[in-house]
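In the two complexes that follow, subunit A is the common piece, with subunit B as its partner first and subunit C second.
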Partner chain A sequence: MASITTWLESIRQDKASMIQWAAAVGVVLFAVSTPGFLSATSIRSLLTTVSFIGCVAVGMTFITLSGNIMSFSIGASMSATTVVFMMSLTLGLTPALILAFLFCAALNGIQGWLIGFFRANPLIISMAAYALIIGGAIYITGGRGIYPLTDETEVLKANLGPVPGPLAAFLIAVIVGQCILSFTRFGRNIYLVGTNPRAAKAAGIEPWRTVMWAYVAAGLFTAVSAVLVAARYRSGDMEHGIGYEYRAISAVLVGGTAIQGGEGSVVRTLAGTFFIALMQGLLILRGFGIEMQYLLIGLIVLAVIMLQWKGRT
Partner chain B sequence: MTRRLRALLADPTVRPFAVLALITIILGIIDGSRGRVLSANTAYDVLQQFATIGPVALGLGLSMMVKEFDLSVGGVLSLAGCVAVMTGETNPVLGLLLAIAVGGLAGLAQGSIMTWLNLSSIGVTLGGLLTFGGLSYFLTGNTTIAFERLDVALAVNAPVLEIFSVRSLTAIFLFLVAAFVVSWTRFGRDLLAVGSDRRAAIVVGIRVDHILIAVFVISGALTAIGGGLLSYGLAAASPVALADTLVPGAAAAILGGVSLSGGKGRPLGIAGGVLVLSMLRSGLTAIGVPPFAHWIVTAGVLFAVGILDSEELNRRVYSIRHVYRW
Partner chain C sequence: MSVSLGSQTIETVANVTVSGQMLLCDPILSVRGLSKSFGPVTALKQVSLDVYPGEIRAVCGENGAGKSTLVNILAGIDRPDAGAICFDGKICTLPSSTEAQRLGIAMVAQELSVCPDLSVLDNIWLGSMDVPFLHRRKELRRRAYEALSLLGAEHIALDTRVGRLTIGERQLVEIARMLTRNARVFILDEPTATLSDSEIDRIFVALARIRREGRSIVYVTHRLAEVFRICDSVTVLRNGEMVGTSKTTDIDRKKLIEMMLGRPFVEMYPEHGYVAGETILQIENLSIPGAVSNFSARVTRGDIVYIAGQVGSGAEGVIRTVAGLVYNATGSVQVNGKALHLGSADEAFHHNISFVSGDRAEEGIFRTLSVTDNLVAARLRELSRFGILNPISLRSEAIRLAVRVGVDQQRLRSRADNLSGGNQQKLAFGRCLGATQAGVIVLIEPTRGIDIGARAEIYQLMRQFCSQGYGLLVASTDLEEVVGVGDVVITMYRSRQVGYYRGKEINMQHIIADITHPLH
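Moving on, here comes the complex of A and B:
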């Protein structure tokens, strides 16, 4: 009897990762048994599209880890960055790239400063930024897309040998992001601030600086996705990033990063992104429409959040 | 006289209405004698927007009053709209009731999960937002469903007494009921107690879990009424079209004096906040400002309240003043 209770207790302690492992293995087995899944074209197209969301999700991981739940404006700022990138292409590719990254980093960094410095509510500030970006974009572009007549962006569509370009960028983003979190003082500060901002302050860290730089990092990773999306569709359009904030936070949470912050990693987000992509690919191959994907992602996110229960107090 | 006026303006329920009067006067002066702002047409427009944003803002505001946050309103709104349109063909009232039941059940499920597993409302309702949004995609098969009863669509939005409509009258009725419940019933007092100080509420014997679940059920049902009537009025239900309600809803609620730290705000104040936002939107359109101004105004409101309501504003302002001797 006692052994059963200790066993149950051990599951309770690490139930989330156990269930996630079981789910991942199950899905992979199911995938391999699905006819046509391992064909190169289906996997390639899946990996390309998932990488765009993946880069944004890496950025969102920084926000979630720093204790600020999620950003509602990250999809809109990604769209706005595609517009800025395409509009500034007349200056040449390199200046346009620099502008795009600076723009996206600043856009998110300002939100991070407000959230960190004043301890303003991250949901409200990111909703405000969302409204501002949408309004500003309609003012500047008149709600239409930007289609420049250059093919300078073709460079960004190059593949790395057999690996699709966006996937390579996503994997590099994951490595860079994880290295920042694991091996730098900034990364450790993010965990500390996300776990307990007061303790971080007592330990001599200024939480607002960490929060602001976490948002800047989120902006930079989002810009990677923006540039790749703009190059792929050869346009800058506010439609590109619609819903990315929800897809990104889904990937972060499904990977097992805690919604209250301080616990998780970029590698977990990678796992979450691929898990969702695998489910989507399977549903398509088994003949289900996109509506089934939306429903299933919602249910998975709900289930993963329920796994984070803290027990009765 | 001024003292009484000041005391009146300090009342968080009166303040949004004072702001509303101020905005109306300013817009009226800008408009001059052209009569575009102070017209029955604009009033009807404002009330139509009130009917769209109002129920969502009320549901969200009630959840903020108990120091929680119901992110799922966007998903419930779409889901309720789809349910109403798909089941209300023969009997629209029955369709609306079904939609309300679905909304209430959505709130019940989320509230129960939250209290049972002791989870944060933001996490659970984020999952709820994605699930209910996904469910409406699933129900409609990712298409827009047309509502064949055009008579109902017209009746819902037809002007009543020039400025009202069935939709806006319903929203006003909901706010009045909510105001009565919060101010005059035991449930209302318990709700405010839970929002002000949850521990103290537990100590005095309030069943906090029950209050929280009830708030989320009410929030779901209110949002469902709004979503159902909105879809009837549009004569269509689509899983995507209704997604942009969370941001204006939150803006209206905090304009109405609801605080993210809980315990503050009243339904009538939220109604005032919704009217301010609607007046800004309709009034600016009436005087010919292009539609992007809606978004900028909403952003301004959210930024202002987000910063003014922040935890460390006073400390930061104090330190800036004393360190830099401003």
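Moving on, here comes the complex of A and C:
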């Protein structure tokens, strides 16, 4: 009981989290009052679609926490991973999965190394990587999707009891991601480097190594989403990941992870992901078009950035 | 109390020129009750000051006394929390440096503010409101040349890129920039720190000319010799408070130092140690291109070795090299007899060298993380197994370190930026402890921006570390601290090593002479 009181008190003290709780309550009221929302099918489909973005957002959280703002290329590397996964299915499912994860980890790890070692601007590097990945992929595939002849990927579409498969994967990703951040030396180093890379260096931590591994982690979480999406649509296509980087960073920021790095968590990203997805789902159910969804996400992200900025000064 | 324009002004100027007296006229610049805080740090408390036409006013004080804050307010860069500024008899607010310039206040800032990619000419006219929309190139060139030749710097071509000039020449360009402004009060914040003696002489000629023209100068310096050489009066600040103002003819060097320090040494500084243990750090022929040449030193366990020098003397470079943060250093550094490969912070860390930066916000603490995270940041390897942190030993280690450096255990979970400067510095100190064996701690300006009470605690901590067998190497510009705390003092002047003093040989006069105008 005492802990609940102190918890409420800490919320009352912290203006930003008060706004977050208010927003959460508002969304729940909005949801309950929307006809059709509480039906099992609409909740299921919402939870499934949100999970693909969610896994990428978990990866993006690592990048943001390490002090590198965001990666523009994470959607493209997800698309490229679906292509690699589908192309290598001829080797069998397990080798294809291993290849897909290695590919996505390497793709992001190289960017992380460039950013960490040469102190390159993370946004510029990821923009260059975006163009290189898209260009390279279209060069190899000729711009066509990859449609495998086997149906081995059906196994990835299985559900975990009543829980949709993608949602289970997302929740596991959140748990794993949060455990890495909270309980490992690597996780602690991400916070230290994200807060103050020069102080981290003076404390015997090599910032470039931490940054590189943060990107590798981001690549691995993105690969989870890539194989699930590929299995769902039974294709590898450069279109699959379009817009994922934007939606992922929105989820990270709305969750309350600081854009300048060093503050935030994967659990917060989980909340941010669900918040955005809920808002989108509700707008659809209430009959608003795609333009309203875009406008709303834009406004929310803008509001969050302004609040963060205000909190700092 | 207004000095009206026209005949009266000229008359006043004449008075000043003829008699050298300043009290015949009203002050051009008056300040009353000026206060300013930066977050929890009070930089200025109720400071009042009058500057008269044709006067050169020195502003003296230790580091952190509030000198720069005061002149930044006068130049419209910072805004005061309270107090009034009166320029030429009219109360003004100085909301921006443009407004200050419009009134007739020009400033040379402590940190160089030239644009290295622009030409000398462009830099001189940068930010000037005299420059019309269409450049009158010929006239501007002529006036810029005049300003430079007044400083005896005709050799600096107007079209050279400023990035190609030496630091001293850049400083001259900044002073020339100030001279071209049609100002009535000139502010110089430690303008001579990067200049050679002959350059300083020429600047003084220019300043004397400004004084003859009846214009005023506020001259911030910590070189006491300059106060007596060029200034008419001196205002002393200490910890943001005004100690007093005096004519330079009414005061001597000793009295001025007393005013700046304001308290006996014994209160502040712990007993010297003189443990004289084995050598723990040996530096030989350390050089950094453009910053340090052939520096050698030896630190024994239990010693606090200070490297004293002004900003830019190279003392910081030595410290950063030992900490593994300088990539182009040459020479040999040995820790416990083992050679240190220079240029790797990781390597320095594994040789048991810890680094406490003078720049807490940028390099010292992790502002948004907790006190615990800050204390154990360098110990994570020992506190984890297979990469997994052990929360119990992490917590007990944080408590142990907090007790050792005197940070309240109740605050282990609060964010580091909620702590005072002194407590933040203790976190940085705590991070150096805890290795199984006492090693080397290198520090830059360990008490920069820390108030008096906390300072004494920091000095006590440094002495404690020594008695536990650590060896400390410290770079500092705070001479009082150097004399009060150092067991060995090495002086540096413009990247050269000048003097070496030990124990009883350490004295303020020698050190000041060494770091300002060395004889050899």
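Everything below uses one rule, namely that the second predicted complex is superposed on the first by the 296 of 313 C-alpha atoms of A that agree within 3 Å, B and C clash if a C-alpha of one lies under 4 Å from a C-alpha of the other, contacts with A are read in each partner's own complex, and residues count from 1 in each chain.
Methods note: a contact is a pair of C-beta atoms (placed from the backbone, for glycine too) under 8 Å apart; a residue touches a chain by one contact, two chains touch by 3 or more.
Please read these numbers as outputs of a predicted model, since none were measured by experiment.
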Message = So in the superposed three-chain picture, is A:Leu160 touching just subunit B, just subunit C, both, or none of them (first/second/both/neither)?
response = neither
Ask   = Is subunit A touched at more residues by subunit B or by subunit C?
value = B
Ask   = A:Gly262 contacts which: subunit B (first), subunit C (second), both, neither?
value = second
Request  = Kindly classify A:Glu291 by the partners it touches after superposition: subunit B alone (first), subunit C alone (second), both, or neither?
outcome  = first
Ask   = Of the partners subunit B and subunit C, which touch A:Ala202 in the superposed model: first, second, both, neither?
value = second
Request  = For A:Ile98, decide between first (touching subunit B), second (touching subunit C), both and neither.
outcome  = neither
Task = For A:Ile172, decide between first (touching subunit B), second (touching subunit C), both and neither.
result = neither
Task = Considering only touches as defined above, state whether A:Asn189 meets subunit B (first), subunit C (second), both or neither.
result = second
Request  = Answer with first, second, both or neither: which of subunit B and subunit C does A:Gly135 touch in the superposed model?
outcome  = first
Ask   = Should A:Leu299 be classified as contacting the first partner (subunit B), the second (subunit C), both, or neither?
value = first
Task = Write out the stretch or stretches of subunit A touching subunit B in their complex.
result = 69-70, 72, 114, 117-121, 123-125, 127-132, 134-136, 138-139, 246, 249-250, 253, 259-260, 289-299, 301-306, 308-313
Message = Using the touch definition from the top, list the residues of subunit A that touch subunit C in their complex.
response = 183-186, 188-189, 191-192, 195-196, 198-206, 258, 262-263
Request  = Please name which positions on subunit C make contact with subunit A in the complex.
outcome  = 323, 325, 345-346, 349-350, 355, 357, 362-369, 373, 377-378, 380-381, 384, 387-389, 391, 431
Message = If we count contacts the way the header does, which residues on subunit B are in touch with subunit A in the complex?
response = 69, 71, 75, 113, 117-120, 122-124, 126-135, 137-138, 140-142, 239, 246-247, 250-251, 254, 260, 290-296, 298-303, 305-307, 309-313, 316
